[in-house]
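The same subunit A turns up in both complexes below, where it pairs with subunit B and then with subunit C.
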Partner chain A sequence: MFKKTWYLYLFVYVVLLGLLYLSFQRIDYQWNWSVIWDYREKLSQGWLMTLKISAVALILSVVWGWVLMLMQRGPALLKSFSLTWVHLMRGTPLLVQILLFFYVIANAAGLDNRFWLSVLILSNFSAAYISEIFRSALESIPKSQWDAARSIGLEPWQTYKEVIGPQLIKIALPALGGQFASIVKDSSLLSIIAVSEFTLNAQEVNSLTYSTLEVYLPLAFGYLLITAPITWFAHRMERRLHYEF
Partner chain B sequence: MGAPSKVLKVGMELAYPPFEMTDKAGKPDGISVGIAKALGKKLNRTVQIENMSFDGLIPALKTGSIDLVISSLTVNEERKKSIDFSTPYVKTGLALLVGSDTKIQNEEDLKKAGTRVAVKKGTTAHAWASKNLPKAKLLVLDKETSAVLEVVQKKADAFIYDQMSVYKHWIKNRNTTRALLKAFQEESWAIGIKKGNKKLVEDVNQFIQEFRKEQGFDNLATEYLGEEKQVFKELGVNFIL
Partner chain C sequence: MSSSKIKLKIDSLSFSYPGHEVFQDFSLDIEFESLLLMGPSGGGKSTLMRLLCGLELPESGTIAWDTEVLAHDEKGLRAFRKKTGVVFQSFNLFPHLSALENICLPLVKVHAVSQSEAEERAMEALKSFSLEDHALKMPAKLSGGQKQRVAILRAMITRPKLLFLDEPTSALDPYMTHEVFKMIADVERAHPCPVILVTHHVSFAQKCTAKHLF
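Presenting the complex of A and B:
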């Protein structure tokens, strides 16, 4: 479907870029693109940092999200902890969580590795959403499958691996793809605790050169460069898994 | 951009007491607000305060969404390339807030490799540190309060900021910080105006001259900075409004 209508997508891109161009034309602003080139190293360092944080946070949030979901199916104490935790993380802004975890909780615990703390804070935030994605995917799988698996003598872990797992991934994938892209974008909030990621570096270039608008376009493009492959990969997996069942 | 509108839009970041701040009801307040109001009266225009982040002020001026910046804005060469300045109305300088257990005595000590230096994004301290401290680990923060917290929690060794603020933060955190108030870069503050608006620059300059003559700045300083003014006089710190 995508291949046959590629020119329509191209058309949409051209129209959107055209509108952006016209908007830029309308504002009375002196452009100075050379500064972007002067600061290319700083910008690419920030971009790499964002990539690194996002990649690690992506993996950790899947693991922690899975654990949180399992807790909800376990003993009452774990269940109530997990439900409360997910509720708190989903109900408060990431910005507040970053400040509280970094300046209060981590400080009280004597931790001050900026990189790992920011990865943990971001993973934890995202894991709350991912646990919900896993939970709803799991609940959508008919209970009878568990019974069927047990009747042919599969252990619970075998049931997860052979029966439930593959279906779970397929059901959860569209939502997971979106959540992964969110991790990348949300990492920009880490700039408030001086993590030298892409957005902070771009803002620094802004404020050192006063060329605000010139930096925004490479900034948007840089994030797309990370999120686009994630979205593309999720789509591809979705289609491949679709044929399998 | 057509005829000048009757409203005078003044941009400032209301996060720098007692110069730019909000009162308990959330209304703009402070020395700069007082200056803006007096200027509006003189130019016979209604003043509208636009609150925005500090590093957004100059871009806002450039795109014409505000007419003036009165936000403790330091005059420097880099900024002069993008905007015009009035004559200065405040003299101050960069000083250091350092952790009480550090051995830092002056700005030279910051040059050692690995020194963790906090700055507020877009300030002249940020520019100074980017240029002069290539070996230090620079922590660029959005909020002044976060930068102070970094020093208090020993996550940073020093915070570079203006003398007045450094003094104020040291008073609040006497046990965890030291203030090195000797200015190592003299600075002055002026009103920022969009490039090429000659008439407005002239009007503003004339206002500053008159306002100084009628003790306007002095009265505002006494109203908002009574105690600090006295301390700085005793310390021999050159801070003139």
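Presenting the complex of A and C:
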């Protein structure tokens, strides 16, 4: 689909960029790119840190999200814990969670590794959403599929691996792709606990140069560089796993 | 239909769905080659079949096939289900697997048959019923009759000791119904085993020498 219509996508990009360009022309914006170039190394270090935090958080959030979903299918205590936890994480701002986990809980526990704490906070937040994506995907698989798997004698783990898992991934993938892109963007909030990621470094460069848009436009482009491959890969997997019910 | 007899002994079986009692102290002692379960819709035929094939746990009472008493836990029932074949009304093929993969799955994953041998056996079975051209098709690309015939092959490929058929033709047109029943008879001839069939087809029931349970 993408190959056949790539020029249409290109056209949309050109139109949007053209509109942006015309807007800048109209307000007669004075660009100052040379100052930013001096800080390219600082910005790229921040970008790499964002990439690292997002990549690890993405993996952990899938694992923790799966565990939270399974807990909801388990004994009453685990189910209550999971439901409450997911409700709290989804119902409160990430900003507050970052402050609370970092300055209160981690502080009280004597933890101070900013990278790992960032990863844990971010993946925990995202896992709440992912567990709901998994839950709704799981519930949409007909009961008859479980019956068929049981009737041929599959063990429970085989049922998940051979029958439910592949169908669940196919159903969950579109929503998961969006959630993965959100993890990358949400990582920008970690700047409030002084994690040296992309947004914090951009804010610092901005305060040094007063060239706000010259910093924030590359910032947006930098995030797109990470989210675009995720979206592309999710779409590719969707096509590969395509089958009709 | 088949040439192998089996004894079924049900003792004080009770089972209910939330708010709906299906069996209360139901007992039965019977020996048969094939058993037809007939009766009105909602009369508990399919529930009885699910209990007999170990897909449901009774609240109380026991079910015994010959000398084997069905376990009252999922693990024990799983061991029993490995020895049976079940064909459902709505086919229940796995939609992400091709017809061939659907048939191979129980052989490879449950009965530890190598992938190549499983494929060979599955292809042979598909060929016997002129389904080889559909081997690589996904279930969504198969007609209702083709889906049900693949489902029958998946149930029979492991050479089960008991075959359960839950209204296998109720979703099919009259021609396909005839074809599927013919196939069941052919498969049975090649690998005789006791059959428990839930059906509304009185004509089939009349032709069949099986014991009837209303």
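The rule we apply is simple: the second predicted complex is superposed on the first by the 240 of 245 C-alpha atoms of A that agree within 3 Å, B and C clash if a C-alpha of one lies under 4 Å from a C-alpha of the other, contacts with A are read in each partner's own complex, and residues count from 1 in each chain.
The rule is short, and it goes like this: a residue touches a chain if its C-beta (ideal position, glycine included) is under 8 Å from a C-beta of that chain, and two chains touch if they have at least 3 such contacts.
Keep in mind that what you see is a predicted model, and the values were worked out from it rather than measured.
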Which partner chains sit in contact with A:Lys170 here, subunit B, subunit C, both or neither? Use first/second/both/neither. second
Looking at A:Leu241 after the superposition, I want to know if it touches subunit B, subunit C, both of them or none. Which is it: first, second, both, neither? second
Once the structures are superposed on A, label A:Leu111 by its partner contacts, choosing first (subunit B), second (subunit C), both or neither. neither
Just to be sure I read the superposition right, which of the two partners does A:Leu51 touch: subunit B = first, subunit C = second, or both, or neither? neither
For A:Ser191, decide between first (touching subunit B), second (touching subunit C), both and neither. first
Once chain A of both complexes is superposed, is A:Val35 in touch with subunit B (first), subunit C (second), both, or neither? neither
Please work out whether A:Gln145 is in contact with subunit B alone, subunit C alone, both, or neither, and reply first, second, both or neither. second
What part of subunit B is in contact with subunit A in the complex they form? 1, 55-56, 58-59, 62-64, 78-79, 81-82, 118, 121-122, 126-127, 130, 139-143, 146, 149-150, 153, 155
Which residues of subunit A touch subunit C in the complex? 144-145, 147-155, 158, 162-163, 166-167, 170, 241, 243-245
Of all residues in subunit C, which touch subunit A in the complex? 53, 55, 78, 81-82, 84-86, 88, 90, 92-96, 105-106, 109-110, 138, 140-141, 154-155, 158
Which bits of subunit A are touching subunit B when the two form their complex? 27-30, 103, 107, 112, 191-194, 196, 200, 203-204, 206-210, 212-213
